[in-house]
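Have a look at these structures, which come just after this line.
Below, subunit A partners subunit B and then partners subunit C, in two separate complexes.
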Partner chain A sequence: MLVGTLVVLLVAGPLLPRWAMFMLNVSLSWGTVVLGMMLLMRTGLVSFGQGLYYCLGAYAAGTLHHFYGIADILLMLLASLVLAGAGAFVLGFLLAKYRDIFFAMLSLAFSMILFGLLVKTSALGSTDGFGLSAKTLAGIPLGDWERNALYCTTVVVAFCAAFGIHRYLSSHQGRLAGAIRDNELRVEYMGASVRRVIHVNYVISAALSVVGGGLVGITIGHVDPEMAFWTTSGEFVFIAILAGTGSVLAPFLGATIFETVRSFAYEYSPNTWQLILGVTMLLVIMFLPGGLWSVFTRKRAA
Partner chain B sequence: MNQFLAIVIDGVIYSSWLFIIAVGLTLIYGVMKILNVAHGSLYALGAYAATAFGGYWLAQGYPPMGSYGMLVLAAIFVGLVAGPLIERGLLRLVYGKEEVVLVLVTYAVFLILEDLTKLAFGVDPLSIPEPYGLLGSFEIGELMYPTYSLVLVLLSGFVAIALTLILGRTRQGKVLQAVIHDREMAAGVGINVSRVYLITFTVGVMLAALGGALTAPTISVQPGIAAEVIVLAFAVVVIGGLGSLGGAALGAVIVGMVRAWAVHKWPEVELFSVYAVMALVLIMRPKGLFAAPEARKI
Partner chain C sequence: MAVVLEAKALNKTFGAVTAANNINVGIDQDSVVGLIGSNGAGKTTFINMVTGYLKPTSGTIRYLDRDITGMSPRQITRLGICRSFQIPQLFGNLSVYENLQVGVGIAARSTRAMAGARGQEREEIETLIERFNLGGYRTHSAALLPEGTRKLLDIAMAVAGRPQLLLLDEPTSGVSAEEKFRLMDMVMTALKLQGVTVLFVEHDMEIVSRYTHRILAFYEGRIIADGAPEQVLREAEVRRYVIGEHTPAHGGADSGATSHG
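Showing the complex of A and B:
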């Protein structure tokens, strides 16, 4: 199923009109971020600070282009991955001790720190941010093919992420995530280190957010501090809730629905967009706790 | 020396403001264990209602001093309408779920209220500057301060004392403490917990709206203020310890002083400093400064 989706997306994408490909590109990048969110939720943690890594990824890519003139998609992604991976590894030591709303609050504090820093850093464009673009992919100049190449990179990255997480979740360590959500103490009794699992999952989710952020930055061609503001993280939370944590494909489905509805809502009714979000979220929490994905699985079970 | 004085005074003014916007949040969490993300929207609603009520009052040509009454009236109005509506209509249905789920529910309310305010009041900035200028200003040394800020400080102190007295000295307060301590036992001895929740939430909403209504004269009221205020309020209550009244006061003072210091000495870190303190306190004392230790439950 995964491979089929990959092929369809790769072939169909460039045939789509430009706007649709752009939208799909952003959706898949967001999906990658939400995939990280999903991994945390499986562990029983809700982060209101995923924007920290999303923003870091975008800024790392942007800074490379802006200050060092490097505009290679892979290099940009790699740089952001290294930077934020290191950051997440350090912060993970702290955050792995926190649960529930305290995890949410501390992660929120960290992302707001980044927001506060970026807003006041005039070298990085303060509140306006700055523009960026990609010119090469692994050293090959792209020319007019920039959009298509970027799209294909995104599809491949999203595919690898989904497949990787799928494998991870069925591994020994991955299965511990759900166990921790159910009963942390028992996991400890059985001899597994809860803190280590959370730490590892946190770093993975940060890595996914970073890559997603980098891709969004390059796709949109602009980065600004708003990406680290808590409302951005809130949107990731929203998509994760909407989609559910049932499958690694759910985040991508959720992100695509989210992006599509948002694009049209901005066009036709900009002042009721959040109203729709809020009502949808309440409905999902009340009547569909497993998210949209649970509709599929429920049918199959019946 | 003069700068030190300026920092302290600015800090006191900012702290008082922070306390008013944050105290409702900590009250609701303390009693209901709900971290109300919509608190910021209710603050915004209060601010919008203040421009509507106050604007109407002034447009009618009534004595301008009465506009202060209208600010308070606006807050009470928002509390009485939005409080029961949200508590009875929605929160009642989700009690007993995990705290994180409750955060998500109130986040949904936040999103809904954001747009409802836009629909009701439009997206253009509104303002009601009259009450701010009306009282003139006073001097401390060579520094000039608007008297309105003094009123804010006094009012904030009044709210703090009133809440402390109500909680500690009245029958209603004792009932509330019983509910905080053990909800089921409280219900067992005949306390109407559902009513306590309703009243607490309404009062919390009123305090949020009061914060907004009192801030309205000093800012331009526009979309986006809710999102800014709620994270500040989070910082304040998390530093002090969620659910603790004294904690909220301490948190407000810490954040207020740090920010005032940053504004004067190192303006680049102004915004950043607040969250840096929040992260630091959470790292040192994961549950905030005033939180009581909790037994580990299996």
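Showing the complex of A and C:
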């Protein structure tokens, strides 16, 4: 199913109108961020601060271009990964000690600290942020193919992320996520370290968020502190609940539907688009409490 | 016979309450030992100290000649001491198979064995399912199992950790009178095949006398009797404080016939 989706996206994407390709590109990038959130949610944790890594990813890619003139997509993503991965590793020691609302609020606090720092840093454009663009992919000049190359990169990154998480969740370590969500005490009494598993899952989730953030930054061509603001993190939580945590494909489906509803609602009803999103969420919670993906699992169960 | 577990001068206090009072005991390899006593006598406190949930106020616990006093439950489990719980501690949203898969997976990682050997893992899970008669519930969610089956799964998960010493906290509590012997027969047969030393807390004297080689009777944090079941269950202090028999004021027990104390 994963490979089929990859092939369809790679073949059909470039045939789409520019706006649709852009929307799909952003959706897949957001889906990658939400995939990381899904991993945390399976471990029983909800992060309201995923914007921290999303923003760090975008700023790391942007800084590389803005200050060092490096405009290679892979290098920008790699820089994002290294910077935010190191940050997540350090913060993970603290966050892995907390659960429930404390984890959610502490993660939110860190993203708001970043937001505050960026707003006050004029060298990084303060509230306006700054622009960036990609010119090469692994050293190969893109020329007019920039959009297509970026789209294909996003599809391949999203596929690798989904495949990697799928494999991880079926490994011994990955299976512990659900066990920890259900009963931490038992996991410890079976000889595994709950804190270590949460720490690893937190770093993986952060890595997916930075990559997603880097891709969105390059796709939009602009980064600003709003990416770390709590409403951005809230949108990731919104998508995760909308999509459900039943499959690694669910975050991508959720992000695509969210982006589509938002774009069209914003276009045709600019003053009430939040209302439309709210009603969508209400309907999903009422009729599909397991998220949109539960439609497929229900069919299979039937 | 080699001593697997040894507690020396073990004390545990919670404020003014003494939950363990100078406990000195050794557990022989391959033995089945029953811990009896009324509520609050110190049985579960003893188990909690051995498994690292509680740190003793003083004293030492040695397992296979290694000091395990104050170690975390995780470290102790990795050394080969596993436990089940009075209230089964399962992964409610996972199926019976997945519950066992988690247990077998952790044990494999701890012992660095079975890396990538999915076939061996499946075999181990199937053996546990067969020994604990869980075949009919393989795909059932653990949260929806009947109480007796929940107990069996809880014990099977402890056995999945490949223990050398297994501590069972009231394995038949909450299980119907008709079911409890069937459950214990199944558990003891499975454990015998595994070659495990067993220590279990139990209130049912029929169960204790039928399945153990030795009984430790607890009262107010102390061991008031230690020996073969038929001997311990005859002791006056045990009959009075553990079984709850009220002997007449001029009777032997009340006249101070306390052989231990």
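As a working rule, the second predicted complex is superposed on the first by the 297 of 302 C-alpha atoms of A that agree within 3 Å, B and C clash if a C-alpha of one lies under 4 Å from a C-alpha of the other, contacts with A are read in each partner's own complex, and residues count from 1 in each chain.
Keep this in mind: a contact is a pair of C-beta atoms (placed from the backbone, for glycine too) under 8 Å apart; a residue touches a chain by one contact, two chains touch by 3 or more.
This structure is a prediction, so every number in the text was calculated from the model and none was measured.
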Based on the superposed arrangement, let me know which partner A:185 touches: subunit B (first), subunit C (second), both, or neither? both
Just subunit B (first), just subunit C (second), both, or neither: which does A:175 touch? second
When the two structures are overlaid on chain A, which partner does A:193 contact: first (subunit B), second (subunit C), both, or neither? second
Which partner chains sit in contact with A:167 here, subunit B, subunit C, both or neither? Use first/second/both/neither. neither
Check the residue A:271 against both partner chains and state whether it touches subunit B (first), subunit C (second), both, or neither. first
Please determine whether it is subunit B or subunit C that touches the greater number of subunit A residues. B
Report, in rising order, the residues of subunit A that make contact with subunit B in one complex and with subunit C in the other. 183, 185
Please output the residues of subunit A touching subunit B within their complex, sorted ascending. 46, 94, 97-98, 100-102, 104-106, 108-110, 112-113, 115-117, 119-121, 183, 185, 229-231, 234, 237-238, 241, 271-275, 277-279, 281-282, 285-286
Of subunit A, residues touching subunit C in the complex: 172-173, 175-176, 178-179, 181-183, 185-193
Of subunit B, residues touching subunit A in the complex: 35, 90, 93-94, 98-101, 103-105, 107-116, 118-119, 123, 227, 231, 234-235, 238, 242, 267-276, 278-279, 282-283, 286-287, 296, 298
Going by the contact rule set out above, which residues of subunit C touch subunit A in the complex? 51, 72-74, 77-78, 82-83, 89-94, 98, 101-103, 105-110, 157, 160-161
